[in-house]
Amino acid sequence: MKILENAVVLSNTRIAPHIWSMWLQSPEICAAAVPGQFLHVRIKESTLPLLRRPLSIGRVEEDKLELVWRVVGTGTEEFTKRSAGETVSLLGPLGRGFSAPDSLEHAIMVGGGLGVPPMVYLHDHLKAKGVQTHLLIGARTAEDIPLGPDDTARQDAEIILEKPGDGPSGLATELAMKWFTALKESGKLGKTAVYICGPWGLVLAMQKITPGEKLMLAEVSLEQQMGCGIGVCQGCAVRVKGGPTSYQLVCHDGPVFPLFDVESPHGK
Amino acid sequence: MKILENAVVLSNTRIAPHIWSMWLQSPEICAAAVPGQFLHVRIKESTLPLLRRPLSIGRVEEDKLELVWRVVGTGTEEFTKRSAGETVSLLGPLGRGFSAPDSLEHAIMVGGGLGVPPMVYLHDHLKAKGVQTHLLIGARTAEDIPLGPDDTARQDAEIILEKPGDGPSGLATELAMKWFTALKESGKLGKTAVYICGPWGLVLAMQKITPGEKLMLAEVSLEQQMGCGIGVCQGCAVRVKGGPTSYQLVCHDGPVFPLFDVESPHGK
Amino acid sequence: MENKNPIKVKLGSLELQSPVIAASGCYGYGIEYAELAAPSHLGAFVTKSIAPVRWEGNPPPRLAEVGPGLLNSIGLANMGVDEFCATVAPKLAGLGTKVIVSVAGRVVEDYLTVVRKLEEVDSIDGYELNISCPNVKEGGMAFSRNPAVTEELVSKIRSITNRWFMAKLTPNVATVTDGAKAAEAGGADAISLINTVVGMAVDYRSRRPKLATITGGYSGPPIKPIALAKVWEAYKSISIPIVGLGGIVTWQDIIEFFIVGASAVQVGTMLYADPNTPEKLNAGLGCYLEEAGIQSISELTGTLKTDSPYMHGVPG
Amino acid sequence: MENKNPIKVKLGSLELQSPVIAASGCYGYGIEYAELAAPSHLGAFVTKSIAPVRWEGNPPPRLAEVGPGLLNSIGLANMGVDEFCATVAPKLAGLGTKVIVSVAGRVVEDYLTVVRKLEEVDSIDGYELNISCPNVKEGGMAFSRNPAVTEELVSKIRSITNRWFMAKLTPNVATVTDGAKAAEAGGADAISLINTVVGMAVDYRSRRPKLATITGGYSGPPIKPIALAKVWEAYKSISIPIVGLGGIVTWQDIIEFFIVGASAVQVGTMLYADPNTPEKLNAGLGCYLEEAGIQSISELTGTLKTDSPYMHGVPG
């Protein structure tokens, strides 16, 4: 069920130099949402920006939900100006979220940059279901981690930074590799799922290292420029195998797709 | 001499429900300006609004000048948001101001609505030169008078309101008529000038009642949609007799024109 | 006394409860938005353009926002007429608004194929011939750039259907007059214009076009001045009704389109931002017409005052 | 070692110290803005279009702002070639930038008359034939809508001048390719495009058009996507240089025009808002080229990557 509503902003805070977190009150969307889904957000009642902006649902707590975003352009910049008490038009929850089969025992979640918020949501969700969760976070620098300094997810997560600085440095794929090896050794790969959300570099690298056939599930969440957000405009097509055409729609068939169905955006 | 500069905003205050007054620091423009000239103002460093907005120079006091405007659309609305300490790009002083011949003894200044600010400037200027000034202000209601509640100009002015309410009601033309009669009786018409700035209704009415040939001078300030403000784009043409073509440019040949050269915008 | 609806309009034989029609490509197959906003606020909707077979559309990216405008190169991705008849058509009845199916093709015969199949479906109130899509290699815009082909296509469709239909024209021509006259001569009940304006955007860093097809169709507020000029041009040359569109956001925009000659309007891109737009537009129109003492919005069609030039700050 | 200026460009025989040219109609006769902003920041300026005699232009109102765009119907109001030669020409030398005179007419002979007289003036570096104004009844846009007439006019001008000249084309056509090829065949040194796009605006309250001429020419940021598409289209079909314009505000816009095929650009409407735009654009271009390690902006001409589709968030 999709909901279109004006939700009240509860808070809007900068959690890192270019990253913001907004909490909104939305009982209906919270009740309907699953991890991996997104909201299509009207930043402002105006034609600049013209379109809504897709943002993943971050944490959901009772009737409150979180959106976390990086300021990259006019829309995400303008969104920092909304303040508590104002309302924002939300459309959602949209798309197909991550699958969580009942017999799942281990979940490796690989979040890169702004791919982290939906992973935190998924992590909370699976942990509550009793799944062993391995939340792996990659970011360029400490400032690019989309988690507040005291965020509890920091305790649950293994964080790795591309640029050497404070903390371990390297790529999120290295952390994933480590877990694939460990779970293989403990004979758990068949009860393991891997979930990925992050830049294309991460996605393509994960396609290379993920032992696809041995896992229970491998899913990735994609981004694409969107119009309607609900499967109407055909604007958010990406190259994904398995559908009636070469393309599938991020907003409707995704954003979560089977990892190995996804084709590089660079064409053949 | 025209100046293009970023001037510092000294204050920006609402002086009536829809009318604002801004004081800016601009020694050079203040030194060069004469009453009736205008500034072309860049409301905001953006393309919305795209063009500058023409605003008459209101009072000039030493190196400070005043702009007074009514909020009528996007530009004038946006301009209310500038605050003290910010800078605003000014281009000016522009156009041909009012004439003030040396032998002038009486000046009848008729300002309607937002035509008042340049009249106040002219009034101050002529009074300082020793001319007998008659500042006549017409407005729809008391709220449409573009003067603050304690503005000293209120003492010098005769104010008349179209809608009966507090104070005398009627049309500014009635006040003008009274002075034409009085100055005719005292034999001073030949040393009298009339200056007009206001809506077309006022201008056309003044053309009817002004004893043109008997006066020393009759001038009117016109408005027109503007592009460049400096005679480049040919955008601000109005129908005025006396030039090489049917049209003259408000920004360059005006905004002040001889009252009887000006033709109704409604064509022949 | 009859209870008159001031925003009801008639486009020849087609009566609409509101002048607001959802534009093709911006309202899917008519059922997707129904759970979000009641379709009954619309006078009608136009479906995504339907081809004889499924079209997969153009490679991504297919959308690029440019300021307050949008570029698209969807390439008429659609399910094809057979799937439409099988899966969508049964759901169309009872939506509470009129159904207009947009028809697309690469050659004249394609349009005939689609219409022949749609003739079998009951819950359709009319067709819109999309002869103006800038995003397909053959057909599309090429049709409405060629008045002779337009007339041929329109008259062939006329010969196989008694249903109301309109031809949707492109603004990407020196003059829309010829195409509009051709559609009228061919027997169309109305024309709609404009489809999108050819445009492009580039990412200066990567030096890549923002659309995989390089150029695409420009829509949204920036094209309104172009659309108004085209509707006015067409209005002067034909007598069948014109459905105006391009950049409509507010009810004032709708009044403007009527003044320059439209008898109804379509709203496209704006639906993405706010699916409640039609309801808001109806409300705005209703208030305005009442305040202005106008009995029916149709009275406004073509009422542009062209008599005398005027100036800012007219006497008042 | 030679001190190279990375923003210097060559349009055939015409060398410019900056790719930024002030567009016709937006820089007067070249002398008005000189007291406000040094003309030396410009590679060149194009004068207001000059006709054989004074033209008084269209009735007011002549301008209407529409969102971030502008509609104009100036109607080529200009002083005529004789007054230009007598009063303006003597002041043109020493402005520190190249002088391009825009030439307008109602019939072919008009253009020849103007150019013949301008040939007598020393301080002129080139001409721009305005065959694309949408705001005059005869001539103007009609010329560049007709490739045969374009070629005839261009070749006649070629036969009477050795000076560099370009032809300015209209976007109000189905395709600019034919006009661009005609200009090239006629012997033009370059083409410039786009002139304004036909558009209109209405005041819904008074039901009057916002321009006395009803329709006018649309300029400013909203037309940039249209302009980029036209420049790209022309670039694929001709080999003489293209001067791109339409909606340029930032240095990034300039890079975009180069990428799609421009060898220089013009800035029009934006000059009204900020006469210092050329200086700022040069500075922005300079920084960018240095950072990106590009020796000369000319290297960017036509470098659009059309090889492979891509997606948002390319690997990085």
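Per-chain numbering from 1; labels A, B, C and D assigned in written order.
Here is the rule we use: contacts are C-beta pairs under 8 Å (C-beta built on N, C-alpha and C of every residue); 3 or more make two chains touch, one makes a residue touch a chain.
As the structure is a computational prediction, the values presented were derived from the model and not from experiment.
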Co-neighbours of chain C and chain B - touch as defined: D
Longest centre-to-centre distance from chain C, chain (CA-based): B
Whole-Å gap separating chain C and chain D, where each centre is the average of the chain's CA atoms: 34
Between chain A and chain C, centroid-to-centroid distance (C-alpha), Å: 36
Distance between chain centroids, defined by C-alpha means - chain A, chain D (Å): 47
Inter-centroid spacing, chain B versus chain A (mean Cα positions, whole Å): 59
Contacts with two or more other chains, residues of chain B listed in rising order: 48, 224-225, 238, 265, 267
Touching two or more other chains - residue numbers and ranges from chain C: 59-61, 67-69, 221, 309-312, 314
List of chain C residues in touch with chain A within their complex: 25-28, 32-33, 35-37, 48, 54, 56-57, 59-65, 67-70, 72, 74, 77-78, 220-221, 249, 269-276
Chain D to chain C touching residues, read off their complex: 59-61, 66-69, 71, 145, 172-174, 197-202, 204, 206-209, 212, 214-215, 218, 221-226, 228-229, 232-233, 252, 255-256, 259-260, 300, 303-306, 309-312, 314
Residue numbers on chain B that touch chain D, as the complex places them: 1-2, 4, 42, 47-52, 89, 91, 224-239, 244-247, 265, 267
